[in-house]
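One structure, as structure tokens, below. Some questions next.
The chains carry the letters A, B, C and D, assigned in the order they are written, with residues numbered from 1 in each.
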Amino acid sequence: MLRAAIVGATGIVGQQFLEALVNHPQIRVEGLAASARSAGKRYGEALRDPQTGSLRWYGAFDVLAAVEDMVVEDASELDPRRFDVIFTAIEADEARTLEPRYAAETPVISTASAFRYENDVPILIPGINSTHARLLPVQQRNRGWKGFIVPIPNCTTTGLVITLKPLLDRFGLRSLIMTSMQALSGAGRSPGVPSMDILDNIIPFIPKEEGKVEVETRKILGKLEGEAITPADVVVSATCTRVNVMDGHTETVSVSLGRKADLDEVMDAWRTFAGDVPVADLPSAPPSLIHVSTDPYRPQPRLDRDTGGGMTTVVGRLRPEPVLPDGVKYILLSHNTKMGAAKGAVFVAEMLIRDGYIGGN
Amino acid sequence: MLRAAIVGATGIVGQQFLEALVNHPQIRVEGLAASARSAGKRYGEALRDPQTGSLRWYGAFDVLAAVEDMVVEDASELDPRRFDVIFTAIEADEARTLEPRYAAETPVISTASAFRYENDVPILIPGINSTHARLLPVQQRNRGWKGFIVPIPNCTTTGLVITLKPLLDRFGLRSLIMTSMQALSGAGRSPGVPSMDILDNIIPFIPKEEGKVEVETRKILGKLEGEAITPADVVVSATCTRVNVMDGHTETVSVSLGRKADLDEVMDAWRTFAGDVPVADLPSAPPSLIHVSTDPYRPQPRLDRDTGGGMTTVVGRLRPEPVLPDGVKYILLSHNTKMGAAKGAVFVAEMLIRDGYIGGN
Amino acid sequence: MLRAAIVGATGIVGQQFLEALVNHPQIRVEGLAASARSAGKRYGEALRDPQTGSLRWYGAFDVLAAVEDMVVEDASELDPRRFDVIFTAIEADEARTLEPRYAAETPVISTASAFRYENDVPILIPGINSTHARLLPVQQRNRGWKGFIVPIPNCTTTGLVITLKPLLDRFGLRSLIMTSMQALSGAGRSPGVPSMDILDNIIPFIPKEEGKVEVETRKILGKLEGEAITPADVVVSATCTRVNVMDGHTETVSVSLGRKADLDEVMDAWRTFAGDVPVADLPSAPPSLIHVSTDPYRPQPRLDRDTGGGMTTVVGRLRPEPVLPDGVKYILLSHNTKMGAAKGAVFVAEMLIRDGYIGGN
Amino acid sequence: MLRAAIVGATGIVGQQFLEALVNHPQIRVEGLAASARSAGKRYGEALRDPQTGSLRWYGAFDVLAAVEDMVVEDASELDPRRFDVIFTAIEADEARTLEPRYAAETPVISTASAFRYENDVPILIPGINSTHARLLPVQQRNRGWKGFIVPIPNCTTTGLVITLKPLLDRFGLRSLIMTSMQALSGAGRSPGVPSMDILDNIIPFIPKEEGKVEVETRKILGKLEGEAITPADVVVSATCTRVNVMDGHTETVSVSLGRKADLDEVMDAWRTFAGDVPVADLPSAPPSLIHVSTDPYRPQPRLDRDTGGGMTTVVGRLRPEPVLPDGVKYILLSHNTKMGAAKGAVFVAEMLIRDGYIGGN
């Protein structure tokens, strides 16, 4: 069993890491870290709101029972050498300081954006751009680290690139216009979206989100050539909004393919997509990365977000896009806190374990 | 005072007509009609759910107080000659039968789609395509009617064409891609959207809606040449979804203009838009048809839908659209049951009164 | 394996029966019945909205997959002799006609209220009033039936009587005042609660609900003496409201006990409650019928409704009730479509199987 | 015109004060104060979220337009002598320090709980306990202040005591059991109720709320005898919960009256209630303090909260309460940020102006 730490363990994504790792066949959680304020407390106690006594736990209670007596450590003092892999669920600012310190010794899988845009850092999705992992030795050499940092994408990018990859491979891809309707959990709990802001409402702007989607999509779909990733030559235009949905990001997507394709071909590209490398044998892998629905009323977040254990991107409403050359349009749904966050990060770790980047020595 | 009837008076849009006409300076409601089931009852009584006794009234109670004792008439037996104008708030199927019968004698302003797509029927928005009213004498001659039918657009089309018109006039317009996030009230109350379908959810499909938006947009932006409207040569691509918002349709729009324009010019086109003909003097006219916000968090449905008494379309988040030639993108909000339904129909009536199509003899 | 039919199989509660019976160790679903409109269709097809094509399925899709090809039968023509037990999920009106016809041959477990208030009909909750099953031979003799009808309680009564039973047994019970905040699913989907009625709202009245709770509570807590149930001598006062929650009825309860009891004793009565007869070995039984929380912020419907597979009633916020003699007050949460409907009915069937009322010959 | 300051002007209740005072016939806002962080900024600028730029304004935009250029002052340095009355909308902790400093010079109307429970401080509701204002000279003498502090009640107490007062006067009152379903705005915006906590949920506990309701109800309904208020001899039992409603607190109430009364008498007591002293002439007074509905589906928060400009408490569902001696039960609705907060405080100021406590010299 590999020994893992979760940094930022008390937040929503931290809790999702615990859900993703309970009973994991390869990874055992041996450290929970958070800010100095929580350090030294039992985990169950650290989840209590100091003012109201409310327990801030969002998952299943048997998951909590398994870890509530672990003592939370101070993230800034955590010794990375005690672990084979460290999962981080912290803000970009903290990540900028903490992650390099950890990575000097140990592989770090990060949900933060802090290092996503650096040249020697791949943003990994198993089955989509698995080969970008070959950039890790470069990163280690550049930085003199024994470990490395692998960020997963922004949760809005994840479902998008998963549905784009088979299209790019089969038809080529020129450009896309996307509108997202994002779930509340993507903003975290507190500070997150105040209930007074979202009841009977939509918030039409999420700071920095659109830029992240645009840059990350091109990078993930890009080619690793030599020691650098050349971003895909795709024009990406995103509009990101927040709606009153708990989990599951919905995105309407209009794509200009590289060549004319009829809808059956597109459907077939998705249905037969096997991943850039096979990943179906990894513990967190869903039966398929993409599920295509022909019911025009699907995907719906509440009904479809848990498809494949929250790891499958569901696409539907495939139609021609008359505005774009060789255009098609569709709607996708991706679970933002499972495939799009903690469980997606665990999925990455599993691939890196299999491929010898983690735990091999 | 002109005498008006409201047909379909017990439904939500019917009630919105009453809100729009209470204390109207030119129009007095003298008839309320509905299905045979409600006929003969006091209006206040007809609003009661027969099974539960619940009062199905959605507006201000002083509006109801003014009309609750009026006796509801059977729409299929209503004598149109008693009225100067008839407002209809009924389904397309019924409209197909009832509206021609009324129009034989009296002008009909309709919220139904039944006649929107016929060649001699203009879909009117005051200030946007006011001159299409000149088609009405053709309609009367073709059909041998003393009155006429003027439908207003689908509520999702309304805000879209209002924001497009100044762009078309100033820059030309090639194509657009739109995603809507539509309010519950657009579906009516019962049958409407069941609460179990929309809590913590999005419904990614609204039957027939996308086709309506595409056809109506081209028609309203088209040119009346001779005795026919030539639809605008604009490619329109719509994706329509339902979200958990009471009132106010939000739309993300990417537009390919006819020529390069910087954002200031676009903003200026909206801000200086004065209507194809002046309509600001009409009783239901808002201070301006379009309000431009520079706050990136706006428009929001709950905060902005009542701008200009629900008659102003609010636009925000104007940005370049990199995917489309000479592209810009923005987000708009339009009140679907005010400008997009009853009050918008009253606004049309006011213009037709001013211009002598209604009430002139 | 016993052969079961589900009548009313296409509705929400019918679907919950399928969820409750998939992979059941003792019961196999061999018949799905619904109205004549659905009869003859594949189940998966019968779930489609005829107007929109939307699939009206509310559960897990693997459950649907197992039954979607079964052909729906006409409930009015179903031959009860083909089954060992029939579960009904229909309105009271239909139940009044259909259930006696079925019960003439086969045991019927009913979620309808049609027969709940008849003298020879017990309303059963396993572990609460299991011994009331002894009324069934009386019912059979009275009516000349080979089978019988056993209704489960109204979903609002269920959690209430479960929490009251240990108090009655230990302390006695004089009276109680209850306010419910009930979930949307209790009203069914369509017609159910329109989304426009409940967004940003509470509906302070549910027709007939309060009377049901008052009568059923006394009957279930009553004593079977000879051939009749003497209702418990408890004054029950209920106020039932609807709130914007999907599943899980919350109830605030103030109780006047039969004698003074401190809070620890009350807590202990709940925690040690073992059922009037043991039921923990039944397949659908939860680890415990009652879970007591000491977190003041619990129970919450979204966090707690699935406790014990939706079969456990969660109580919290136990405090003294100063207004009532020997009073205590608390809040409870019960899953209205699991313990309070289909799965609760299956639980009853399991007890009746064990005790030889069903399937024994 | 009297000169007023609003302290805590940037929060939700502060904004509601601006709504309540715009175009007020007697009071002009001449000072806006907030924390040091906002001090020195234009009001419109102080409302901006420093991180996101979002404008945190919750009211009508023409109200904002009237004050957005006023410069916010530091509450801790505000000179009370510049004002005839100071309205505070701050937390209890700050109130404990700031309000006495202001009250040394100027009357303070407070929405905070800091001084509500002190012997020489009346909690005022015009028309309910107007005569308690006679305690103010005692307070001034005790404390050596030129001004005074008058808190309004907790927003959950307000509607309750308004409906109880006519019952107490006519029948006497022994005890009551109340369950509240409180709106989000009662918790403020941020920190307030996180959207992830309340979607598809109820929170069954609001810290300190129940105790406030119990103590305040007895005090407000008490008698001023000599220089002290003797609390009413009424046992009050409250359970307070939070639901997903924007504005308007709903309460189910079971009351034990002092003598037997039939429902018509109770209805009559409410309908004919004229206030302990007349207040109908005050600018913010509603047509009546209480409106009685006989529709069993009312009151509903979204439909009824704005009755009487948000100043009328709506009661409905009056029924006998079988559990309590001489019992009746009913449901009430009160607008928590209008009558229950800022506008209610302005209403108090208006009464104190009329009666010479404010502005008289």
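Criterion: a residue touches a chain if its C-beta (ideal position, glycine included) is under 8 Å from a C-beta of that chain, and two chains touch if they have at least 3 such contacts.
Worth saying up front: this structure is predicted, and the values here are computed from it rather than measured.
J.: Count the residue numbers both chain A and chain D use at their shared interface, divide by all numbers used there, and answer same if that is over half, different if under half.
T.: Same residues, largely: of all residue numbers at this interface, over half are found in both copies.
J.: Farthest from chain D by Cα centre, which chain is it? Let me know.
T.: The chain lying farthest from chain D is A.
J.: More contacting C-beta pairs: B-C or A-C?
T.: Result: the pair with more contacts is B-C.
J.: Quick one: report the Å distance separating chain A from chain C, using the average Cα coordinate of each chain.
T.: Comparing mean C-alpha positions, chain C is 41 Å from chain A.
J.: Calculate how many whole Å lie between the centre of chain B and the centre of chain C, each centre taken as the average of the chain's C-alpha atoms.
T.: The computed centroid separation for chain B versus chain C comes out at 46 Å.
J.: Using the touch rule from the top of the page, what residues of chain B touch 2 or more other chains?
T.: In chain B, residues 52, 58, 199-200, 244, 246, 296-298 touch at least two other chains, as defined above.
J.: Per the contact definition, I'd like the list of chain D residues that touch chain B in the complex.
T.: So the residues of chain D in touch with chain B come to 52-55, 61, 199-200, 295-298, 303, 307.
J.: With touch defined as at the start, can you tell me which chain B residues reach chain A in the complex?
T.: Going through chain B, the ones touching chain A are 175-177, 179, 181, 199-205, 235-237, 239, 241, 243-246, 250, 252, 254, 256, 296-303, 316-317, 321-324, 329, 331.
J.: Contact residues on chain D for chain A in the complex?
T.: 12, 51-52, 58, 184-185, 189-200, 205, 207, 244, 246
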